[in-house]
Amino acid sequence: MTSALTPASTPVRKHFASDNYAGAHPAVIEALGEASRGHVTAYGDDPWTARAADRLSDVFGAAGVFFVFNGTAANVLGISLILRPYEAVICSEGSHLNVDEGGAAERIVGCKLLTVSAADGKLTPELVSTRLGGLGDEHRVQPRVVAITQATEVGTCYTLDELRRLSEFCRANGLLVFMDGARLANAAAFLGCSLSDLSARVDVLSFGGTKNGAMGAEALIVMNPSLRATVPFQRKQQMQLASKMRYLAAQFNALLDDDLWLRNARHANAMARRLANGAAAIPGVGLSQPVESNGVFATLDPALAEALQRDWPFHIWDPAKHVVRWMAAFDTTEDDVDAFLSAIRTAAGALT
Amino acid sequence: MTSALTPASTPVRKHFASDNYAGAHPAVIEALGEASRGHVTAYGDDPWTARAADRLSDVFGAAGVFFVFNGTAANVLGISLILRPYEAVICSEGSHLNVDEGGAAERIVGCKLLTVSAADGKLTPELVSTRLGGLGDEHRVQPRVVAITQATEVGTCYTLDELRRLSEFCRANGLLVFMDGARLANAAAFLGCSLSDLSARVDVLSFGGTKNGAMGAEALIVMNPSLRATVPFQRKQQMQLASKMRYLAAQFNALLDDDLWLRNARHANAMARRLANGAAAIPGVGLSQPVESNGVFATLDPALAEALQRDWPFHIWDPAKHVVRWMAAFDTTEDDVDAFLSAIRTAAGALT
Amino acid sequence: MTSALTPASTPVRKHFASDNYAGAHPAVIEALGEASRGHVTAYGDDPWTARAADRLSDVFGAAGVFFVFNGTAANVLGISLILRPYEAVICSEGSHLNVDEGGAAERIVGCKLLTVSAADGKLTPELVSTRLGGLGDEHRVQPRVVAITQATEVGTCYTLDELRRLSEFCRANGLLVFMDGARLANAAAFLGCSLSDLSARVDVLSFGGTKNGAMGAEALIVMNPSLRATVPFQRKQQMQLASKMRYLAAQFNALLDDDLWLRNARHANAMARRLANGAAAIPGVGLSQPVESNGVFATLDPALAEALQRDWPFHIWDPAKHVVRWMAAFDTTEDDVDAFLSAIRTAAGALT
Amino acid sequence: MTSALTPASTPVRKHFASDNYAGAHPAVIEALGEASRGHVTAYGDDPWTARAADRLSDVFGAAGVFFVFNGTAANVLGISLILRPYEAVICSEGSHLNVDEGGAAERIVGCKLLTVSAADGKLTPELVSTRLGGLGDEHRVQPRVVAITQATEVGTCYTLDELRRLSEFCRANGLLVFMDGARLANAAAFLGCSLSDLSARVDVLSFGGTKNGAMGAEALIVMNPSLRATVPFQRKQQMQLASKMRYLAAQFNALLDDDLWLRNARHANAMARRLANGAAAIPGVGLSQPVESNGVFATLDPALAEALQRDWPFHIWDPAKHVVRWMAAFDTTEDDVDAFLSAIRTAAGALT
């Protein structure tokens, strides 16, 4: 057996463009091998799936746990449990759901997203209330779910108190709460709370495995028991039912063993912290957001950004405000961070 | 690190309920480990994806190759490249697209499926022409694509001549052809032809990895160059864009190495053949379809089926006609077949 | 003011192609003029709408009454009150919903239609039960509503006993009932029952004005109170909210005055009866369905059909079985019928 | 025949809440009566429809003209001719399409609306260009059509030069242009240009009959010949195909006769102008937008607005900015305006 793919052609230096650029944690790969024993019933009626779902149900205090392939699907399936097409989602302008899912919610759920501008990525009762004007008016879509992201797309975290306040407002206004938890592990690590603290006042949420060291697996966590019954049918119809489900589940089992999910998240957060601390000390570099997870949102002179990007790919997050995004992953090392900091310093020096 | 999942709790005896009950081929698992080196660009701009796509493009003579998570998605994405919602798919009543995808085509594409009854699972120009009556009538959906399955859901294969005749009819009537290739490898193995022989007169098709020994990966093969441009956007919107795409691609690289896909398919077909030959010799057992891939569709007295199912799970395919389905997988052994045949003989004997 | 449309260019002979070929009853046109007084609140908050909705609520014993523009919309809006996209409609193969609405249900509701063949256009518990096999199976769409047509598309009527038996079966199986009443008036006239007799065991139905002498207006009659709340939002989203709603309502007020709806329906039925009686006496002409409303489904030698169609347009309903459709309208006269019968006799004579 | 609806129960005083509160012009009602002669082919193959479509094609220089029931449908059908679901509409935040159509575009077309804030309701190349950042990025919806409203929802009009500049920008950027012409007549009247001047650089537009004196009828005007072919199928699937089409067409014939559409629009514009002039002279009343059609957007002390609304219903357009909306209709008289002005003066005086 020959493979034309030589190791040399593979990028090996870790950069900070995305936590999706990392591979899978070795324990995840090992778990896939272990799950390859024998024949089991397809579509989730197998011991790996039962075990992962049970463990996640316990951890979250959930009414139901369902695995899907990616984060976009977790978001869309999650809100589809709640919404009829004439109902709407209130979310932030910068939310993944609104910006980065190719219009999946509109096409699959048929619903409108009512966006609000949230500089720090976090919705508040005040912001949500600006979109409630049309309630009861047949000409307007009817707000029915508030979708938040934890940690947010700009690396911030809702405190437990902010979550409580927002969810109480939602409950009082007949709104359900969906939480995009693509980086929920990082939020739990930052806040020092349990996953069930984060899910306590939420109707449905996702728990992201992929950015946390999985190969590709997300869990939809249904907290509100009344929303559970339609999941199997909607998941299938939304093309998210894996035939060899054990392989999605096995990834979560690996992440749950010995709290690997938490260790991975803590480490990624620490690397972001290290990068932020180092970068903030470099003249011409600032931080545009507090560092509360594994992302660093820095302000950078465009010339510096351009010089750096030659060797270190990363996203210009907000060109108008000169904000760039750097993400640390579970496998980012202190050396990776320091090498990048050194590159920033060199580039900054060359420009002055 | 401890895992509560003991090997003992895992079913180890291989049965014949579904080719999805098998795990992944060891070479596939190994390839996942190999693909876990370093950071690479997410969403498919990585060497594993480039290599798998290039190889499949070569093998099929394709205009474009795109990876998705499962077979339902490959079918729905495939037809969505062609159809506007007022257009329709002509397919067989028993097709996976029509029966087993939870209404995904209707929801995601918004289209109607115009079904025809096809006893052997195969469409013909004559059958297709029965659904063309409404062409040009604004009150009717407009047939635009003919969707066939190769090998079919009942284990038969279109011959190359049948494919040619059907596609010529379609072309002459302004219809495009989509081919559900969830078991395309088994068809190629049975027909002794190349994959490009099968794709030659088709506009879009899928090439199934999952049933062929992958963990979970399907390739959408776009033959008609005019259909290629929208795939990236539609794939994303249909929630099928993997962030760590290398892990879908790596599975196909493993299947392509040394023609593992073909060896797996040939073996599964041979095991089905062995099972069919043995079963047909048992009094009270007949074959309802020719065995042209890895499935055996047998007629069985209901009492015999019920007795057998206690230890050997399988599907009653058509209760009215007493047809059951037995599927062989890439890892089915001669011993597995013989053990099952022995069980059938014993059960049949006990009933007489 | 000049109009280039001269009366001479208007077809004046009434034919039997469709009850939609008739214009509006003079009382309807008069009512539109009467409704043109002054300014009133748009979108249905006006006295004409209140009055028509109240009267129809009384007549049907309804939980809510809503006006829409056409029959396709009434059907689609009606089933959308009940269905989530993974749920399905059981209906007859020949139903308007399935055949003549351009795939609106699939696109707008996103649902699949599970069809059964019903020679006389009528569903039975036995026919419905053939489509319940997939209940609870996540791979299959979930049957949730049975859609029937009264009078059917082939001119037959469900008896009250058949309706009762079917609805009891549905209730026992967790299915709701939708009734397409595009020709409900003709059914009430034939059965000699009240409209509330017809709606008694139905969850949602339509009451067609257009074919009954209106210019273009249909009423959605919601019987099941739990389905009422979403109608305003869904109607608007489905593009069926008229701004000058009074003009839809006024048409129904005209039809309700002095039971014009019933007189129109009785007359159309009687004309169909007269046509059927006359035609059945002509050699080479048979009846393929009992005449239970305003339609005559006759069997006719294709050569005779072709000869007749030169002067009298009508639809070949089923080319394979030589069935043609003739429809009588509210304004069809005995002379119209007799002229057509004479033409049939002449054409039949010329062919022998 | 008796009608329980007494004239006394009908509001007769004309107010300024909406141009939809008016009834239909007497010539329109008369035309409906004239169209009620005889039987004609349904669904638009009749002389009234041919004539109206031909006349509008001539007037606009159109590739095709199609009638639909209401403005929401005209907008949704219009953009559905252009868009695949992953493509997006760029429109103003306050556009009818975005705010007042109950999410119809999202549900029916499945597309996202990319909104920009436009204080005067008008898009510019600069505003449009702010939403083009994601072009080519598979994670983002792909802008494909720019939807503008003429006259806008705040009563302003694009000049011909502004239209030319915007359409040239669109063409240069691969964007098509859709124009919501619910009040196109008012724009033509204000600008003193022909309807073909307005449609010249547009791909699809609507021409609103309802607000111009029709009972309920809108025309979809297809300028770009490549977009014409799918209209019949999409219109039917979108539940907008009238069976007795002659009655939609007849309304347009009435509006076209002797330029009734233009006379109606000029008159409504003049009444708005009269109202604006009078109101602006009242202390505490200002104009928030130039009066360029039949709408007056005034700033009003909330206490004054509240006092006035007791007898004169109208919409608070923007509560934060104290903007109210007053609309004149084709049948608003100088006396109506003067009575309202007198009421404003009285209320304003009572508050000081």
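For clarity, chains are labelled A, B, C and D in written order, and residue numbers in each chain start from 1.
Assume a residue touches a chain if its C-beta (ideal position, glycine included) is under 8 Å from a C-beta of that chain, and two chains touch if they have at least 3 such contacts.
Note that this is a predicted model, so its numbers are computed, not measured.
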item: Most distant chain from chain D, judged by the mean position of its C-alpha atoms; value: B
item: Chain pair with the higher count of C-beta pairs in contact (C-D, B-D); value: C-D
item: Centre-to-centre distance between chain D and chain B (centres being mean Cα positions), rounded to whole Å; value: 51
item: Euclidean distance of C-alpha centroids - chain A vs chain D, Å; value: 42
item: Whole-Å separation of chain centres (CA-atom averages), chain C against chain D; value: 32
item: Residues of chain C engaged with two or more neighbouring chains; value: 43, 85-86, 101-103, 107, 110, 138-139, 141, 233, 236-237, 241
item: List of chain D residues in touch with chain C within their complex; value: 1-5, 7, 9-15, 17-18, 20-24, 26-27, 29, 32-43, 47-48, 51, 69-73, 76, 101-104, 107-108, 210-211, 215-216, 233, 236-244, 246-248, 253, 257-258, 313, 329
item: List of chain A residues in touch with chain C within their complex; value: 43, 84-87, 110, 138-139, 141-142, 230, 232-237, 241
item: Residues on chain D engaged by chain A in the complex (per definition of touch); value: 85-86, 88, 99-103, 106-107, 110-113, 138-141
